[in-house]
Amino acid sequence: MTIRVGILGATGYTAFELARILLRHNGAKITALTTRQDDRPHVSSVHPQLTGRLDLHLENLSLDELAERCDCIFGCLPHAASAAVVPGLLERGLKVVDLSADYRLRDVAVYEKWYGEKHPDPARLPNSVYGLPELFRDTIRGAELIANPGCYPTSATLALAPLLKNGMIQPTDILVDSKSGVSGAGRTPKLGTLYCEVNESFSAYGVGTHRHMPEIEQNLQQASGQKCSVIFTPHLVPMDRGILSTCYAKPTGPVTTAEAIAALREFYADEPFVQVIDGMPATKSVSGTNYCHLTARVVNDRIIVIAVIDNLIKGASGAAVQNFNLMYDLAETTALVD
Amino acid sequence: MTIRVGILGATGYTAFELARILLRHNGAKITALTTRQDDRPHVSSVHPQLTGRLDLHLENLSLDELAERCDCIFGCLPHAASAAVVPGLLERGLKVVDLSADYRLRDVAVYEKWYGEKHPDPARLPNSVYGLPELFRDTIRGAELIANPGCYPTSATLALAPLLKNGMIQPTDILVDSKSGVSGAGRTPKLGTLYCEVNESFSAYGVGTHRHMPEIEQNLQQASGQKCSVIFTPHLVPMDRGILSTCYAKPTGPVTTAEAIAALREFYADEPFVQVIDGMPATKSVSGTNYCHLTARVVNDRIIVIAVIDNLIKGASGAAVQNFNLMYDLAETTALVD
Amino acid sequence: MTIRVGILGATGYTAFELARILLRHNGAKITALTTRQDDRPHVSSVHPQLTGRLDLHLENLSLDELAERCDCIFGCLPHAASAAVVPGLLERGLKVVDLSADYRLRDVAVYEKWYGEKHPDPARLPNSVYGLPELFRDTIRGAELIANPGCYPTSATLALAPLLKNGMIQPTDILVDSKSGVSGAGRTPKLGTLYCEVNESFSAYGVGTHRHMPEIEQNLQQASGQKCSVIFTPHLVPMDRGILSTCYAKPTGPVTTAEAIAALREFYADEPFVQVIDGMPATKSVSGTNYCHLTARVVNDRIIVIAVIDNLIKGASGAAVQNFNLMYDLAETTALVD
Amino acid sequence: MTIRVGILGATGYTAFELARILLRHNGAKITALTTRQDDRPHVSSVHPQLTGRLDLHLENLSLDELAERCDCIFGCLPHAASAAVVPGLLERGLKVVDLSADYRLRDVAVYEKWYGEKHPDPARLPNSVYGLPELFRDTIRGAELIANPGCYPTSATLALAPLLKNGMIQPTDILVDSKSGVSGAGRTPKLGTLYCEVNESFSAYGVGTHRHMPEIEQNLQQASGQKCSVIFTPHLVPMDRGILSTCYAKPTGPVTTAEAIAALREFYADEPFVQVIDGMPATKSVSGTNYCHLTARVVNDRIIVIAVIDNLIKGASGAAVQNFNLMYDLAETTALVD
């Protein structure tokens, strides 16, 4: 059986990576790509990398047209725009992996505070399924709608959740100092992401105000059952892709570097995409892959956990396909072990 | 005496480099910066590098206001926009260094063919002064209006003119294969100059259609007194700044690499900003400076001359200040020997 | 049936790409990785990207050990070192894809002139099989030893051979101005490939002296049956990977851009990895893939053909697997349509 | 009066920047460049950027030769090598600005623990003068030997010292998460600083073990008179130059972002090279300059101070010339206001 999939909002970097991965998925076939434009550009003019590999046009399709052509939708729309169409997709019997932020936060008030808008579909939030398989695999299997995790929260949650769950670190006074490549800022032309603004520069942004801060807190709380508080500081790195999160936490008692690494290794022993390493993770080692590399160090009175992912793959499109595989009961690593 | 200078169109990369150079010029003082916006942004919000170094706002100034505040104008406006204001500046007794393309081509028909617009001030073209001091120093001294050269034409002209003038190469069948950093494309947000489009990519553009092609031909003809024909192929390099031009020409007779280098060295013996070298020029060696590095090789039946400049300095703002120094009879290297 | 493959000289970038591609090849299994070092490093310490994906050590293996473990060898040794071991491998019944330059040039004298060394296995040169499937597919099928093409020659040959074969361009006065990412220079620490030397810099090297010049000439002659002369100028681009070759040739008669593009399109109509496009090729569009993108323009009296490949994939390891697939009569695109 | 200066260890990036700055210093003249090599390379072959600008050879000079040619020495030698020659220079009446780490730490035991070697000149440590003018200007004036600060410590100390001195933050539980361009790693060829290893990658290194950790602690203690404890985590950014330090500290009482910024602004009101800004600092804004840009944010229970410098200028060679100016009672900004 081949599952027919559509990608909503197919002009960006995340959509390209989705298409690239799905093209080598033997259980899926891309049958629709959408855009708000009405000029039906061929995918090869939008993503020249796909020349000769995918013969589809981007179209401005209705919900009914999508329902006719697709079994499952990957949503790459902006927040708020996504939750405006997801209910209609679900009503038409489609499954949805939503890469926007719309279904990640379970508390409408938190969403509306951090995103500054009314949520178009608040009723679904309390029971939404957060698609981080390493922590919530069971709820993902068989779900109709998946909230695909944010890129920064994926790295920080994979770094910290195991040590919170096993009681090795305290749930408060957690600092997450993250660094991301530029593709995380999207493909819409803006002064701040021009080559000559970003290249040979490094800067922080959204200090204390970034929307991934409550998402990280929610994940850590859900994983550990404890109230968590996190300070999150994102930075922009002059490179295309990759996130490294340096996470600082207070141990609950005496602990060594070896013990911290062992705890991570134990937690992820059976995970196909998380590798706990002794050396220092580099974003390049996971670039273009669905892997996360992790390590830990104890320095003075802190455990420092360092995690790297590719923000477009494990932090977005790879995770989306991993969730898709789980939803349809396919082998979880299909199309993802590059 | 301090010359009061204004910069028109002060938001871009070229204007920033001009300001940076002029701040260390002991004979000039920046007294006006203009923009079409009406919100009077402080220069430090537009160019954070100038924080604490220049206390001026960008203003939407009239010609009369400019004439009151300034003695000399550096124009960083787009083509056509520039020639629309230059006549008014000259009438008010201001001197002008125009960094746009408007006064470079002496033949109105050529301008209108390649730029696709009516020229706003065609009468001045036949007598315009092209500001490449290494070839036309005498006409620059005392000029009221200087057409500041294009970045690619500067590199190609400095590479080829000496060998055309001394008869070592043929005036036809010249190929100029040029490579430029991204700052040459300006600071206006466009998909094509986003970091993630340009980084880790290399491409050609404007093959056979770039506006610097007739400018190079005009320069070589003016320098050599011969009809020249040039094929010009520009490419975009994933770096901020720098141009390297690889220029292929046919020798008029037998010649060795040593003879070609010696000819270049003789021609530029007294030039403060052109260095003929034996090794291979690299754009990084001239980055941030007003220097041009040049070398030559004879391969089979071709002389290959390779020239590097910083497109924003020797290819724009440094050359503009060099011209300014000549116009006002100041030491030519003032503020330029970094 | 699974073919057991070994990689000789497994520490470099080419070997990593080979391993990455072969890991997703359903007809091949990596059974040996070699190094001259005797400390048996685990592959994950040499190539951290392979952590958890390949559990092998790099070993200093004898020919007999290789013959016991492997059916086919990919050689990533330096030139001269490669031809010193290839005869022993072939004698033991192994097939070999040699990524070094040792078996590319058919004329021993040309090899010894350009490489400056005695060839260790000259008898095999005249009948060596050059592994560029788009031109020489028939001889590759069933071969025991393949000379895998150089990266620059692949791009230049794919660009020019079709127009030479159909008589559209002249065989002499061909200029190939090529630009390559830094990975082409290998992984051995050298001043010239340090980050701070290369980044934000662009330069030419090996002008008229690069060893790929005779290889390009040989290819064009073999493809067209005509004596060809080529000037080849390589440049270093501040990026990891990718080659763009701008190839200038003289048409044999009147020709338009459309006709040149049509000729390329006709030649490559059935090729799985060559895409002739109307727009401008960018190295990023083929990065990480086995594709070549090509286009042509007629400017004045020249046809300009522009080709891009990933130097590590279509220019090395992807081509090697494509050849491997042909040698073993597997589907040619196996493991290569990413 | 012109002070004759020599640069010891003149092959690296720091030495180049020193030469570049000193060439525009109207009170200094470079009279000696040293290297351990004996082949007397011309400076333009080591630093092509200086072609035609400085006509000197690098020489293997004795202390007596240096004393004959120079009044002041800038030492760019590795640690331990530096303190082996400094005493001899001082004995011969030369002044020294030492850019190595040898005279930064006042406690020999701390030096020997972190640098793993016997100190060659321990007697001078307790009274060494640490050349950070913003904190220790008075002791620098008239000193014979200056310990030029480390790059990371400069950024962290400028960020934190004002708030420690005015009692706004606690002296313990300070986290400094720093990010540096690659030039900080020096110019010796190593696998880890090859272009293809670093480009498109981001990683941490020396977590909890970097030698700048005790230097930061010493600075903060000396500035505030309190025992301080710092965790320092450096990271490598794929760019040539620039350091950004994100510094996390606990306030001693309630404080707002505006108050934290105001405190920094008050402290640096008269400093020529420190700019406190409201926006987010970017390394590019200070690239190539001797400036430091700083800002602060209060998030939850932390003050976050973010500082950027150019590691080669304010973090090394610019600071060295600033110290030189103070030692010789010249205008402090000479040659530094670019």
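The letters A, B, C and D name the chains in turn, as written, and every chain counts its residues from 1.
Operating definition for what follows: contacts are C-beta pairs under 8 Å (C-beta built on N, C-alpha and C of every residue); 3 or more make two chains touch, one makes a residue touch a chain.
Going by UniProt, the chains are A, B, C, D = N-acetyl-gamma-glutamyl-phosphate reductase.
If you're wondering where the values come from, they're calculated on a predicted model, not measured in any experiment.
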With chain centres set to the mean of the C-alpha atoms, which chain is at the far end from chain C?
D
Taking C-D as the reference interface, which entry in B-C, B-D or A-B shares over half of its contact pairs by residue number?
A-B
Whole-Å gap between the CA centroids of chain A and chain D
39
Could you put a whole-Å number on the gap between the CA centroids of chain A and chain B?
46
Per the centroid of Cα atoms for each chain, what is the distance between chain A and chain C, given in Å?
36
Chain C touches at least 2 other chains through residues 197, 199-200, 238-240, 282, 284-285, 287
The residues of chain D that touch chain A in their complex are 173, 175, 177, 179, 181, 197, 199-205, 207-208, 229, 231, 233, 235, 237-242, 244, 246, 248, 280-285, 287, 297-302, 304, 306, 308
Spell out the part of chain D that touches chain B in their complex, as residue ranges.
20, 23-24, 45, 48-49, 51-53, 200, 275, 277, 279, 282, 284-289, 291, 293, 337-338
So in the complex, which bits of chain C are touching chain D?
13, 182-183, 187, 189-191, 193-200, 238-240
